[in-house]
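In what comes next, subunit A is part of two complexes: it sits with subunit B in the first one and with subunit C in the second one.
Our next item is the complex of A and B:
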C-alpha cells in the first residue's frame, strides 16, 4: 500500500525538480515565471479542493458532530438544534447487553467473518486463474474477456439475477441441487435464515474475484521470464516455481490487493442491499446495511452516526496496522525484488 | 506496462497434469461466471408462466414480450434517462476537475502535495454510508433554509456521486499523466506554450486513452451505484439501480421482465467495458503494481 500511496507523488516530486530548472533558467522571464508557478498548482487544484471539501471533509466533520447529538426524526429539519448527547450514542452502540448494541456487535462479527471468507476466496480463485493463464493458449483472450464480465455488469443487474437463481420455488440453485443432483432433501431457503450467509458469499466472490485476477495478472507481467528459465534449468518443477518465484514476487502486489479487497468487501452496501433489501437476515447482516437500517428505517441518526464513526475508527486502525506490518516486511525484501 | 497478451512464460511444454488441471479449473470457473448471464438471457426470453414455475434450462417457448413490457410495467425510460444524466454529469465533472488536479500533482512540486494525494486516496477507501447520513442532512437543511431542492434532485445526486468518481479520477489520471514523458511538455513550455497550453496540447492528447478509460470506469461505477440512489432520489429522479427494484414490489414478480430489464441496462456498460478493457485494465492495475 505504501508503495502505491507514495510512488506517483514521490516520482512526481523527484522529476518535477528536474523539470523546473530548464523552465526557470529560460532567460529573461525568470522572476515572474517563478511567481506564477508557485500559485499555479494551487489554482489548478482549487476546483478539486473545493469539491473534496464539499463532498468529503464537511460531511465527515458533520458526521462526527452528529454522533454526539441526540438526532432523531424530530430534529432532521434543523439538525443543529438537536440536544447535545455527549457519548450517549456511542454508549448505546457499544452496550452489548442491550438490543441495539447486541445487534451491532453481531453485525460487526458477521461482517468480519464474511469479509475474511470472501477476500480469501477471491484471492485464491483470482490468483489461480491468473497463474493458469500466464502462458498463452488458444482462446485465452476470449476467456479473459469472459472473466471480466462480473466486474463490468452493473451491481443490481447481476445481484438481482442471483436473487432469481436463489429463489425457493423457481430458482436454478434449488433446481440443480434438489431436482437434478438430489444433494438436498428438500428445496432450501437461500435468502432467509442461515443459508443467506452462503448465498451472499457466493455473489460477493463471483463479483470480486475478477479484480484479484486482473491485479495478479498485471503483477505476473513484471516477473522476468529469465527467472523461470533459470529455475527450470535448475530442475524446479511448476509447483516449486510457483512457490519460490511467483508467490514471493507477487507479495508487494498482493499487499495492495488484499487491503483494497478487504476495504471494498467490508464496506460493501450494494450487494447485500439488492439481495435482501432494507432488513437483511441476521446471518447476512453486514455493517453498512445495518447502519443504513438503524438510520433510515428506525430514524435514529445519532446512533447511526456513532456507528459510522466507530466503523471509521476500526477501518483506520486495521489499515494502519496492516500498513505497518506489510511495510516492515517489505523493506528487507525490496533489494531482492529489484 | 505492456499488455498481458504478449507475455508468455516458458517455451518448455508443461506436464499433462498441469494442462488437465488448467482445463478443469478454467472450465468450472467459466461456468460459474457465465451462469447468471445464461439465466439472465434465457429467462428474459421466457413467457411468464415459465419463470414462475420450476426452473428449466431450456425455455418451453421463446418470446420477446418481456422486452416490450418492461417499458410500461415501470417507467423504465425515465429511470434510464435519469441514470444517463446523473452518471454522465458526475463523470464529465469529475474528469474535468481531475485533469487539472492530476496535472498539478504530476508536474509541479508544491507544499501540501502529499497531504492532498494521501487524502484523495484514503477518501476513496471509506464506506459510502459514512457520507450518506451527513450529506442527506445537509441537503435537507439547505432545502429548508434556501428552498433549493438538492435532496431528491438530480443535481444533488450528481454531487453525491462525486464522493467516489472524483477521488478515483484524480488518482487514476495522476498515474496516466506520469506515464506521459516529461520531455514532451517541457519542450512545449520552452517553445513558449503556457502551462495550460502544455496541458491541453501535449498531455491531454497523449493521455486520451487513459482519460477515456477513467471516464468509462467512473460512468460504470455511477451507473451501478445503489446506496445514494436509494436515499437521495424520489419518484421522478429515481435511477435504474433503484428502479429495477420496482418490478419486485408488484403483486406478481415478473422475473422475465426483471431479467430483460437487467440485460437492457447491462448491455451499454458491459459493451463499453469490453471494448475499452485494454486501457481500463492497464490503468486500473498500473497504480497497484507500480
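Our next item is the complex of A and C:
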C-alpha cells in the first residue's frame, strides 16, 4: 500500500521540523518540548473525540445492542429491559422465504440498482459539465453558479417541488410529456407504481450531480495546462486528451468522489421519504426508508437495528474491497510510470 | 490509500448506517411526581387550518386555566406527521410533555408502551367520572378490559358530503344511502373530467378507516377476539375489493386519486371536480375553500343494500383525539387538573365548536351548535353506528400493513392492472405475514 512508500518521507519531514523547532534547540528544553509536541495535538483533538464518542460511537454501540433484543412497543420505555433475542432479529431479516426477509431483499436489490444508476449518471453528467466548463467563455461564472443551485437548495423544498411536478393530474412532467410532446399515450403515474423508480432516480441525479461537478472541477485545476498544450502539439484531439490526460489525472479525485457518492446515495433517506412518505411504492422502496419503517412505523426496533447492522456490514465490505482494488490500481500505475 | 483514510471511511459508514435506528434511547426514570407544581407542558395536535390558528384558539383557554389554578401551561402544537415520532422519542428518553394529545387509534399501541398514565376509577373521579363520556369514545381510549390510557377530547365520525349542484346537473334527486346508490349516482356523474367519488389512495390511515367500516358491513373484523390479525377472511377481502373496485371496476373514482395523501380530494370537491367525499368533519375546510353551506349536503355514510343485519350497519369508525398524561410528568396533580379543565362541559363545547368536531362529553353534546346540518349527522353517527378501530397493541402495524396493501391495489387499479379477489387476498396475506409473530 502507499502507506509504506510515504512513511519514511513523512518521518523525515517530522525529524526536520523537530531539529528546527525552538523546543529542540537546547538540551533541557527537549523533554517538555516533546511532551508538548506529542500531547498538544491530542489535547486539541479531545473535544472532537468526546463529541464523536457521544454522537456516533455511543448510539452505534446501542444500535448493535438493540439488534440483539426483542425490542417492540412493549419495551421501548425501558428498552434496556427488553429480552435478549440472540440472532433472531438477524434471522428474521435474512429469512428470504418469509415476507419480512423477502421485502428486505427486494428493498436491498432496488437500492443497489438505484445506487449504481444514480452514481453513474451523477458522475457522467458532473464530469461532462466540468470538462465543458474548463473552456473560458462569456457567462461561464453565471452558468457555474446555476449548475450548483441543486446542491445548495434545501433538500426538503427541492424534493417537494419535484413531487408537485410529478403529480399525475396537475404535474408539469405529464403536462410536458403527454400534453405538449405527446411522448406518452396517457398521463403516467410517477409517484406510485413502477415509474416511481425513475422519478426517484431523476430527483437523486438532479440533486447529486452538482457535487460531482464541483469535485471534478477542483480536480481539473490541478492538471497542468502544459500537458494539454504538449498533447495538442503532438496532434491529440479532444477525445484523446480526455482519455489520455484528463481521466487518468482525475483518478485519485474520482476514487474518493465515487465512494462518497455511493455511500450517500445508498443511505439516502431524505429524498425517498419526502417523495413517498413512510410507505414507498415497491419499485422505489429504498433500504433506508425500509429500515425506518421497520423501526419507527411498525415499532420493531430490534429487527430494524439488525437490518442496520447487516447494511453496515455490507457497506464496510464493499468499501473495503473498493479501497483495496482502487489503491492497488494506483500503486500498479505508479510502478508502471516509474 | 492510507489506512487512516480507510479507517475514516469505515467510521463514517458505521455512523451513517447505525445512527438511524439508534437515535433516541436511554432509560426513563420512574413514574409521575409533583416536583414542579407550577408549570405544565402541553403538546397539542394540529386541529385547525394551521399551527398558528391552533395557538390562537388554545392560548386564551390556557390563560384561563392559569388564572384559575396558577399553573402556567407551555403550549406546543405538533403537526400530525411528527406527533407519533415525537411521542415515541419522548417515551424512550423519558423526556416528554406533561399532557399530550394522541390520535385515538394509537391508544392501545401507546398503552402497551407504558408511557401514559392509566385512567383508573380513581383518576376518572378526579375529572368527574367515566360516565360523563360517550361510550364509543371511551371504547377508543385503550385496549378492552384495561383502564383507558387517555381521555376523549374531540370526537369525529365519517359522513358522506355531496355537491348539490353536481347532483342536480346529473339529475339525481336524493343523496345516496347505500353503496349501490353511491355507485349508481357516481356513474351518472363520472364523465367529462368530473368524477363521482373521491379517495385518498396513498393515505394509509384513510385507507384503513374505509376498509375497517366496509369489513364491519361484511361481518368481518381485522383481529380475532384474542387480538391476532385476521386479514384474509372473506369479509375482509370483500371489503378491500369493494373499496378498490370503486376505481377499478365501477370507475367512479378518478385514477389520479390513487396518489392522493394530502387531502387533495377535499380541494377537488370544493372545485366541483368530484361530487362525493367520505370525510370526518369536512365542513369548515369546504367553507375555507370558498363553498357556502348551501353548496353541499351532509348525509350518513353509506351501508350495504338490503337489510345489513345485526352489527353490519356500522358506517364510520370512531374518529377523534384523546388527551393523555405522560407517566413521567413532574406535575401529576396539575396534569390531572388540566385534563379536567379541557374536558369540562364548558371547554368541551367551546373547543369542539371551534374545530367542527363533536364533544365526547355527553352533557356538552346538548348544545344546539351540534344540531346544525354539518354536525348533527356526525353526532348521530357517533352515538349510534360508529365502531372504534381494533384496540390492540399492534394497531400501528395494522395501519401500515393493510393501509399499504390498499395503497398498492389502488396503484394497480390506476395503472389499469386487474384487481381480483385473488390479488386482493394475496396482498392481504402478505400484510398479515408481515405482522409481528406472537
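Keep this in mind: the second predicted complex is superposed on the first by the 294 of 338 C-alpha atoms of A that agree within 3 Å, B and C clash if a C-alpha of one lies under 4 Å from a C-alpha of the other, contacts with A are read in each partner's own complex, and residues count from 1 in each chain.
Just so we're on the same page, a contact is a pair of C-beta atoms (placed from the backbone, for glycine too) under 8 Å apart; a residue touches a chain by one contact, two chains touch by 3 or more.
On a predicted model such as this, the values are computed, not experimentally measured, just so you know.
Novice: Comparing subunit C with subunit B, which touches more residues belonging to subunit A?
Specialist: On the superposition, B touches more of the residues of subunit A.
Novice: A:66 in the overlay: touching subunit B, subunit C, both, or neither? Say first, second, both or neither.
Specialist: After superposition on chain A, A:66 lies in contact with both partners, subunit B and subunit C.
Novice: Considering only touches as defined above, state whether A:281 meets subunit B (first), subunit C (second), both or neither.
Specialist: second
Novice: A:229 contacts which: subunit B (first), subunit C (second), both, neither?
Specialist: First partner only.
Novice: Does subunit B (first) or subunit C (second) touch A:191, or do both, or does neither?
Specialist: second
Novice: Have a look at where A:56 lands relative to subunit B and subunit C in the superposition and call it first, second, both or neither.
Specialist: In the superposed model, A:56 contacts both subunit B and subunit C.
Novice: Applying the touch criterion given at the start, work out whether A:42 contacts subunit B, subunit C, both or neither, answering first, second, both or neither.
Specialist: The first partner, subunit B, only.
Novice: Of all the subunit A residues, which ones make contact with subunit B and with subunit C?
Specialist: Shared contact residues on subunit A: 3, 6, 56, 59-60, 62-63, 66, 76-80, 167, 169, 263, 267, 269, 288, 291-292, 295-296, 301, 304-305, 308, 311-312, 315, 319.
Novice: Please output the residues of subunit A touching subunit B within their complex, sorted ascending.
Specialist: 3-9, 11-13, 15-20, 22-23, 26, 37-38, 40-42, 44-45, 47-49, 51-52, 54-56, 58-60, 62-63, 66, 76-80, 125, 128-129, 132-136, 140-141, 143-158, 160-162, 164-165, 167, 169-172, 174-175, 179, 206, 214-215, 217-222, 225, 228-229, 232, 238, 253, 256-257, 260, 263, 266-267, 269-270, 273-274, 288, 291-292, 295-296, 301, 304-305, 308, 311-312, 315, 319
Novice: If we count contacts the way the header does, which residues on subunit A are in touch with subunit C in the complex?
Specialist: 1-3, 6, 56, 59-60, 62-64, 66, 72-74, 76-80, 98-100, 103, 167-169, 189, 191-194, 255, 259, 263, 267, 269, 277-279, 281-282, 288, 291-293, 295-301, 304-305, 307-309, 311-312, 315-316, 319-320, 323, 326-327, 330
Novice: Would you mind writing out the residues of subunit C in touch with subunit A in their complex?
Specialist: Listed in rising order, the residues are 1-3, 5-6, 9-23, 25, 27-28, 85, 88, 91-92, 94, 109-110, 112-115, 201-202, 204, 254-256, 258-259, 261, 393, 396-397, 400-401, 403-404, 407-408, 410-412, 414-415, 430, 433-434, 436.
Novice: Where on subunit B is subunit A touching in the complex?
Specialist: For this pair, the touching residues of subunit B are 1-2, 4-5, 7-10, 12, 14-15, 18, 21-22, 25-26, 29-30, 32-37, 39-40, 43, 51-56, 97-98, 100-101, 103-110, 113-114, 116-121, 123, 125-135, 137-138, 140-141, 144, 159-160, 162-163, 166-167, 170, 174-175, 178, 182, 186, 189-190, 195, 220, 223-227, 230-231, 240-241, 244-245, 248, 255, 258-259, 262-263, 265-266, 269-270, 273-274, 277, 281-282, 284-290.
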